[in-house]
């Protein structure tokens, strides 16, 4: 008798993935759909993201945390913006600093984490895990930022999103996140603005010049986007401020997210928001009880390209 | 011959910990000093923290990320402030929101992560891993914040640190972090100010009233603290914005941190700043090449009380 | 001057990945090669694995830990065996139990980790994270194992590898790992033999019948394989016993591994072997100082199919 | 109305921990009981372990995985055995190898993970994260093991537990795990026997001498212990083979564990047994539906001493 009720739970067999050398990215993702653990989750992420980007009624939020630009993820994000897959971007100052650097032609370099950091320090090389960049880059960035800040309105407080827009215009490079966002009218929010080299230079500029960056002035527009969304979907790369900010904004409205995808290595057990499950977000009313959502607990520098590749592959095939 | 050079590396034997039922916290921490892995690290953290707080020349920075107040760590932080163990606090909006709630007598509750979040949602209960709080708390918080914001200067932009100070004064409860900071003149920085319920209410207030929260106005004072420090020490609970903000500020000065302790579950392998080693910080010039530092990769809700308990025990014994 | 020495470290720029909808798996992996963090690592894993499987002089060891068969990875492993990509398999009893179940047509089922385990218990359903299987499966397995054990030699101790071979013959299903290994003469080692349902049934059988499973009898042949290897390469899915066993065996010989790939979520910081770096293995003489090796810290149910797909894609293209 | 049902969930407030310098270990653990996350869990672990060791009807199983002996945890385990806190030990070969080394006076040494492993290799130093040991130790171990194996019965297969017992007698050092187990008649199980240097030497010995180590011969006695237990409790340090072996044995009986404590850094999301929740174990019938159990996701080299210290402190106070 328990068996009867058990049967419902035993209706969908695990089908082992069959991996061939002739698969495209879409087929690869599909091959994992009846597997388990991360394999199933990445397959679900592709499914949900495909549905999200295929529906013109969905407003697409994108939260970008982690050192994703130094890791080589800039072009993926910029291309998503160009192709209309991101309507609103919330990110960290650090990602925008490194996006700006690359937009100015100031490269990051392949390094290693197995290195003597004292030696690097003497060589004026800064390390981000297995990425190096010369300290000198920041001097060039400083000059550029000083120029850009001249273009800011002087007579009134500027919002963070406006600051990012002016920065994007200044970079004038469609292959950067800020540049693509500027050209495609995608607003970029950076709630932890002071916490970055951009914030530092805003402070230094302000020591000598009139400048007020209003911390909350851009929230009005953000809420408008939330209110105006027929449906809402969010992709979170990492957690941090972008995840919380996107979620808390929706809380102000009577709406909830209909789609949510989280690509992270943070786990729920530490209790922090970054690793919190999307189920937890249901209790708060951030995610709808009937939403489609999934968290993939795996390195986002692998799962982001994989998800994007599979969705692009599916889009390309269905277009024909 | 290799043996000769090897000998230097083989001079300090591992001494297994002997744990008895009559140990005090200091003895417990000491018993782990010749162990390895996390055991050795927590013992080093106690050693370093004890040295840091014992030296009046050290300016003591404290970075508080993670959901530490909901987890029951409020009093530990407030007591550290009262006892002069924290000179500057950098934290997240969320911790200050929950500190304020508790200061108003609005409790968090023991819950479980094994729960149906849809049910919680219907019951108007918000979940933070295994902590619950009723949605209604936020209405009471709203009223309080509206009152407090009336005390803000109207005619000029207010800095985030000023906002936190006014909030601390308003809470008027020495057992909260903000209250203790206010009474003890410890500045509280919250660089991701917009990213919290406090930020949300600042925005809502601003819809109807004049209010400008200047995102970078408090950086001048922060830099002064950095410049004025004879020696500098930092404790990081979690990573996130507080860690980056404290480190980047020191970068502006010719100084570097002399002591650093990081209590975190984030690992370096994902490349994010939260899990980045303190060695990596040496390459940037955030941490001095000859600094004393350690990262304890373990749950901070265990290691923070443990470290504080052992240091307090050592202080108490050495005082006699 | 520091710049000069720095230059060497700044010679290989990070090239952001460009992800399109028309990429094959090989192109996808290549697109990540000049990125960082996990992206670079998975790309290196593909590179190393391709080199390993392309060189007929390399003896290819494969260590399989984790609940990989329940997760849907059985066919990938079986196909690697069939195609000559695995010369020696070292695995856990649990994976062989679940391989046998699937070989007998006893499915695993897609479940969820968000479930009341007391309810599952009453329904006689066993859970492996988000995989279910009915308790009844184990009764059918028992009957099968009792039959198979009749085919074991009665008059002398049987080695674990022989036991696995008889089991593979009994399953008689080329799509299982044990079946494919049997048909392709790939030895299967299971050093923790007692620690599985197979071990349990060996014990139960032994209560009534003569049976001695000799724990170390198959080590002679394993060492011979190590000694005979012109070059040696190893893939580790997870860590655990398979990783240690493969490495310790090579220690007995004057040789070391020339190639090593580790796909795991375990991190070095806890000090356990599962998360230990492959660099650490150099100190022991398990991995050669000039070996090509990489660890990918990411969910192996994603990275294993990804690596295999990219290598198969590359093989297919280069064959033409 | 929802409120009414909500009330039940909101009945136990979080009480922030108050940490003083005069606390004993028991008071420290108690101070965390109304906190959350890991803090609450370690407090529960102490509560459960105290109850387990105080009840003479409880048979106390202990699963020891991870590199705990090199990390300095040997004496803690040996003392638990001496004091009757462990009735049955299941562990890994590696821990017994390193226990034997220390028992022979062959030290482990404090090292660092920030080291060139090629240099260590040339210096004949083996590394276990931040622990070093000279390669030469293993030559002394070899001699000792050759002697010990002479004491094994020659005419019939020896079980793994018997092998461990003979080894414990040979070490003749009450401060080792094997020595204390021998003197206190605590059986030591090591299901992955071949997977260790002890297993390697058994194989080498067998090349020249008659020796059969029967992989499953000791399971009969283990099952008897399970059947005879009035109540059963288990502590798992790490997961791996010891966890699975202890759990699977109970499955053979109609009983289930009444108490279970897991100290681990492995998380459930990867689907492996090491990180599997103890809830999951309920579905299998390994843990009783009404059992008291907790998993502490934190470094076991910190949480094991902490739990043991607090329990010993409580025992000492309650004895008076």
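Labels A, B, C and D are assigned to the chains in the order they are written; within every chain, residues are numbered from 1.
Please note the rule applied: a contact is a pair of C-beta atoms (placed from the backbone, for glycine too) under 8 Å apart; a residue touches a chain by one contact, two chains touch by 3 or more.
Treat the numbers as computed from the prediction; the structure is a model and nothing was measured.
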Please identify which chain has its centre, taken as the mean of its CA atoms, farthest from the centre of chain B. C
Could you say what rotation angle superposes chain B on its sequence twin chain D, using C-alpha positions and rounding to the nearest 5°? 180
Using mean CA coordinates as chain centres, what's the chain B-chain D distance in Å? 33
Separation of the C-alpha centres, chain A versus chain B, in whole Å, is 26
What is the distance in Å between the mean C-alpha positions of chain B and chain C? 42
Two or more other chains in contact with one residue: find those residues in chain B. 36-38, 67, 70-71, 120, 125, 128-131, 265, 267, 269-271, 279, 297, 299-301
In the complex, chain C touches chain A at residues 2-3, 5-6, 9-25, 28, 31-32, 34-40, 42, 67, 70-76, 79, 102, 107-111, 114, 120, 122-125, 128-132, 134, 265, 279, 296-303, 305-306, 308-309, 312-317
Parts of chain A lying in touch with chain B, wherever the complex brings them together: 65-67, 70-71, 94, 113, 117-118, 120-121, 125-131, 157, 160, 191-197, 199-200, 202-204, 206-207, 211-217, 219-220, 223, 238, 240-241, 244-245, 248-249, 251-252, 265-274, 276, 279-285, 289, 299-301
Give every residue of chain C touching chain B within the complex, in rising order. 36-38, 267, 269-271, 297
